[in-house]
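Down below are the structures I want you to see.
Shared between the two complexes below is chain A, which pairs with chain B and chain C, respectively.
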Partner chain A sequence: MPWLAPLVAMLVVFTIYPLIYNVWLSFHEYAPLKRSLVYVGAENWITLFGDERFWSALSVTLSYFIVLLVVQLVLGMLIALLLDSDIAGFGVLRGLLSLTLVIPPAITGMMFLLIEDPEFGVLTFVLDILGVLDSTTPILATSSTALLGIMLADIWQWTPFMVLIFIAGLRSLPQEPNEAAMLDGASALQILRRITLPMMSKVIAVAVLIRGIDLLRAFDYMFVMTSGGPGTSTYTLSLYAWQQTFSFIKWGYGATISLVGLVIVLLLANLFIYFTRVRW
Partner chain B sequence: MIVETAATRRTRIVLAWLVTGLFVFPLYYWVTTAFKSSKDIFNIPPSVWQFSPTLKNFEEVFGISFGYLQRQEVGMGGGDFYMTPRLIDSIVVALGSTALAIVISTMAAYSLSRMDFSGRHHFVNWILSTRMMPPVAVAIPMFFLYKDIGLMDTHLGIIIIHALMNLPLAVLLLKSFFDDVPREIDESAIIDGATRWTIFRRIILPVASGGIAATAVLCFIFSWTEFIFVLTLTQTGLKTVPVVSSSFVTSTGTAWGNMAALGAASMAPAFIFILLVQKQLVRGLTLGSLKQ
Partner chain C sequence: MANVTYSRVCKNFGSVKVIDELSLEIKDDTFVVLLGASGCGKTTLLRMTAGLETITNGEISINGVRMNEVHPRDRNIAMVFQNYALYPTMSVFENIAFSLEIKKLGREEIKKRVEETAAILNLTDYLHRQPKELSGGQRQRAAMGRAMVRDADVFLFDEPLSNLDAKLRAHMRVEIRQLHDRLKATTIYVTHDQVEAMTMADQIVLMRNGIIEQTASPDELYNRPASKFAADFVGTPSMNFLEGSIESHNGAPCFSNKGLQLPLPPDCPAKAGQAVICGLRPTDLHPDENGPIKGVLRFREKTGAETNLHFSSMDNHLIATTSRDQEIGIGANIAFSIDARRIHLFDKNSERRI
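Take a look at the complex of A and B:
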């Protein structure tokens, strides 16, 4: 077992230590006058339940997670079905789609900041022409549209993730069931619903698991595009925890919020693995 | 295959190029912005196809003269947006963390692939759980740990945290590549008197070298694009490209051209890498769970 020792040591540093330290920290708070941490009991946890901004961050995190998971899943499947073909040039298209996956999300955030700029942004311009959104409404500075503006960046960057996984899944399916169903006179839609999608269930489960984890941890886009504003409309749990800790020097409270985020991800992901029986 | 008529086939081709075009457009717009002067960037309506190209932005960001600016104007190391050192930070961190992650994970992945021990399944799940940790929940404790042990604001500190972050990916992905190497090879080598270490070095590593290279590429990319650990654990000693991008936003406006130049230059190596590992990409994105 000595082969595993370095890995175990590093995993302890990365999982067990942060967990214990965060729990310990959540019962303490930085006291500026004493310039040190003092024990405050359950005070941070009590504050948390009465903190409207925490509940808002929780609801933003969960709606971001659910909306984008559904949108990227459906869009990803549609595009995968479209691109799963040996037509000349489609390999190039798949290669082009994979490019979005290696761009730093912070840079993607900047790209969409430029595209959605209220004065000279391309998207603002197009939406104004189409009459969808008046160009006097700044997308990212209006609380009703700011989260949508961020979601667009996420959809752009990560829908190809779903597409590539689903195409690989579609290609690994046996063709016989489709052919048999076609001989029996099944329509393309029936084949998709009754044969293709059920056979793809493991592939879909893995894609949903990995994408879901990352959506629940969302931070980079909000940090560079809106810093959580306007108001609290784009605060996620991760961003709120980070800001409390490092901008407002509320070390204990930041740790408390980050613990809530951690428990939510671990709980949902492990429940998902348990029920879908995904195995590594 | 569902039989396609010529008409549906044509519709499909047009639709496929259109959809891909929509995804490529923001990238096109960003890269062309790197070659625009402020006049073209701030133009209303936006100049998408027509602009007078310049290398000025690259000159300012990398301190090299292509003749668009006078040599003294380039301001070697003096300009506000001189970013060559930040690019070097990114490269050092990405290479270092990739090397560290690969060394630790090849050994661990080999033993996970070959040795049967009770609780192996739980152990794999624990590795997977590491992939679920929200970075902020790790970054806060690490901030205090790094301050105490002097790793704050150092290349080594970021190399270690990025290697830690990449371990679940690297171990699970490498395990899947090692699983592809038949166990019979190990067994016959053991009969010939080879030790585990010899088998690992002489047989497993060479046979799985393609998989190891693909894993290394993905580790490199995830370190290259990582944001929150660098944001939290550095001050002035180093900054990687993603984190430094916000410094182009100043009180007098945003230097879009310069930022796009840095962004475009930093994407180039990642684009080349990702096209090189296209065949193993889906396996990598799913942590070894799906094979193409």
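Take a look at the complex of A and C:
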């Protein structure tokens, strides 16, 4: 099948070779004095499981993943249901939704860095007025609130993505089952729960999968806003792998961490596909 | 068990008038068919009855209670949609049980009623299946089951058979009608198929451009169509129309068109000299060597039981339906007679029946 050759070549060069190299790298480490990679056996893996910072990064990543997935899913669906009507002006709103998606995440991070600035950030100001947070508490420099501060940026940028997918899904649903349910005596809430959401399940599954994978490799916002701090409170797996690889020049250990990240993504994604019975 | 009354009902979509001051009374337990070509407003009228469309003007009431502002879920109306509208994520059982669950009936009660309904519709073996695993006819029955299981006051059918093949359609016609005879619920059935209307209805409401052309029993609609439109719409092949005038021959009224003279019954209400359209049903034309309608056979159309003879007579194109035994060659001269009582006369200007 010669027509497959270009595709296979691309796949080999950009996916399969790096993957194999990554696995190979996780059994090696860069030796600065020798200026080369040396074989270290399972040392990286053994270190990893005893590394407190790895476990901390894993827990940060999973909290970030779970909280944001739930928030963006629920918020996205609510906004989609709201905007999926023919009220004048909502068309414009639906169009505006895509705006946040064209902003590079690093820029969004910078924006929220300013918004949450302890000196002049508008969010700090508002929270102070509301009495939620004292203006002497810098959001991004306090370990209990730093991750929440980053989550805000992610929610702002990516909830519209959910909304767009859900609106597209809602618009493609047939109207008749809703009408039939109405005549069957169902209330709006019952129709949503028993008819609309089940019909949307495939769309929801796709959105969860795309966003879920994105969230598990979270990097940009932490990198720009907190560099993982304060302490290790916003270090995700990706950021930790980056630090080990490029700041500490521990290529083997960095490769090991990213490999674990990959396994987690594959595992969760496939479990999800299996349990939701999504057929592509 | 309900009377449905429409009084001066109007429906506009923007500037387009779809239903215009329509008034109609549907009596308890009757099977009414709304018949008309696509776009005549029949489905809109049905959806307004169900509450799925707002009413621009006028009033729809069920058992004397104004329905305009009543939410669809509170109207106690069951509807079968054209594309069935089954809940795609539920099994047939769940589809039928849905309305009962909403009513918060007990598990046992629901099971019993769903199974009874399924038995009537021959769906018992398919209760666990998803809608996508059913054939068209089974989906249709599942949709009917969903409507039947409720004790609805009014049943609405929106062209429910239009997606089925001809054989199944004929079968379902009988089933739906038998179902009605058994349930005795007021039924409003929308179709563009005159055969469905004729075979199923107690009363046919023939609609045209948002107004009622004629309300009548199937027999009356066929035998005494109120207008040229009604005469043309019902019957296959369509009625033959000839333009002409009424003349008096020795005191007896007769219809005259070019060289053709057709004697009319003596009590014919048409006045001499009146410009009329004369309607002759193809099935009422009988081959008769001495008949007044003479022509040349142009085309033969065999339908199995009968043969439709297309012939030209004095520049008119006419069709006669004869028995299949008639073997006449193309180009042969033929002649037909008609019972004077079977001649339909319409005023040329108003196109209403005389």
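The rule is short, and it goes like this: the second predicted complex is superposed on the first by the 272 of 280 C-alpha atoms of A that agree within 3 Å, B and C clash if a C-alpha of one lies under 4 Å from a C-alpha of the other, contacts with A are read in each partner's own complex, and residues count from 1 in each chain.
In this section, contacts are C-beta pairs under 8 Å (C-beta built on N, C-alpha and C of every residue); 3 or more make two chains touch, one makes a residue touch a chain.
Everything numeric here is computed off the predicted structure, so don't read it as measured data.
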Checklist line | chain A residues touched by each partner, larger count belonging to chain B or chain C | finding: B
Next item on the list: Based on the superposed arrangement, let me know which partner A:Gln190 touches: chain B (first), chain C (second), both, or neither?
Entry: second
Checklist line | chain B versus chain C as contact partner of A:Met182, first or second or both or neither | finding: both
Note to self: A:Arg217 in the overlay: touching chain B, chain C, both, or neither? Say first, second, both or neither.
What the structure shows: first
Note to self: One more residue to check, A:Phe27. First (chain B), second (chain C), both or neither?
What the structure shows: neither
Next item on the list: With the two complexes superposed on chain A, say which partner A:Met199 touches: chain B (first), chain C (second), both, or neither.
Entry: second
Check: Can you list the residues of chain A that meet both chain B and chain C?
Finding: 182
Next item on the list: Mind listing the chain B positions that touch chain A in their complex?
Entry: 1-2, 9, 12-13, 15-17, 19-20, 23-24, 26-27, 29-30, 33, 41-46, 48, 104-105, 107-108, 110-112, 115, 117, 124-145, 163-165, 167, 171-172, 221, 224-228, 231-232, 241-243, 245-246, 248, 254, 256, 259-260, 263, 266-267, 270-271, 273-275, 278, 281-282, 285-292
Margin query: Under the stated contact criterion, what part of chain C meets chain A in this complex?
Written below: 50-52, 71-75, 77-79, 81, 83-90, 98-99, 102-103, 146, 150
Checklist line | Residue ranges of chain A in contact with chain C within the complex | finding: 174, 176-177, 179-187, 190, 194-195, 198-199, 201
Notebook entry, point to check: Residues of chain A touching chain B in their complex?
Noted result: 1, 3-4, 6-7, 10-11, 13-15, 17-19, 21-22, 25, 79, 82-83, 85, 87, 89-90, 93, 95-107, 110-115, 119-122, 125, 156, 159-161, 164-165, 168-169, 171-172, 175, 178, 182, 188, 191, 203, 206-207, 210, 213, 216-217, 219-220, 223-224, 237-238, 241-242, 245-246, 251, 254-255, 258-259, 261-262, 265-266, 269-270, 273, 278, 280
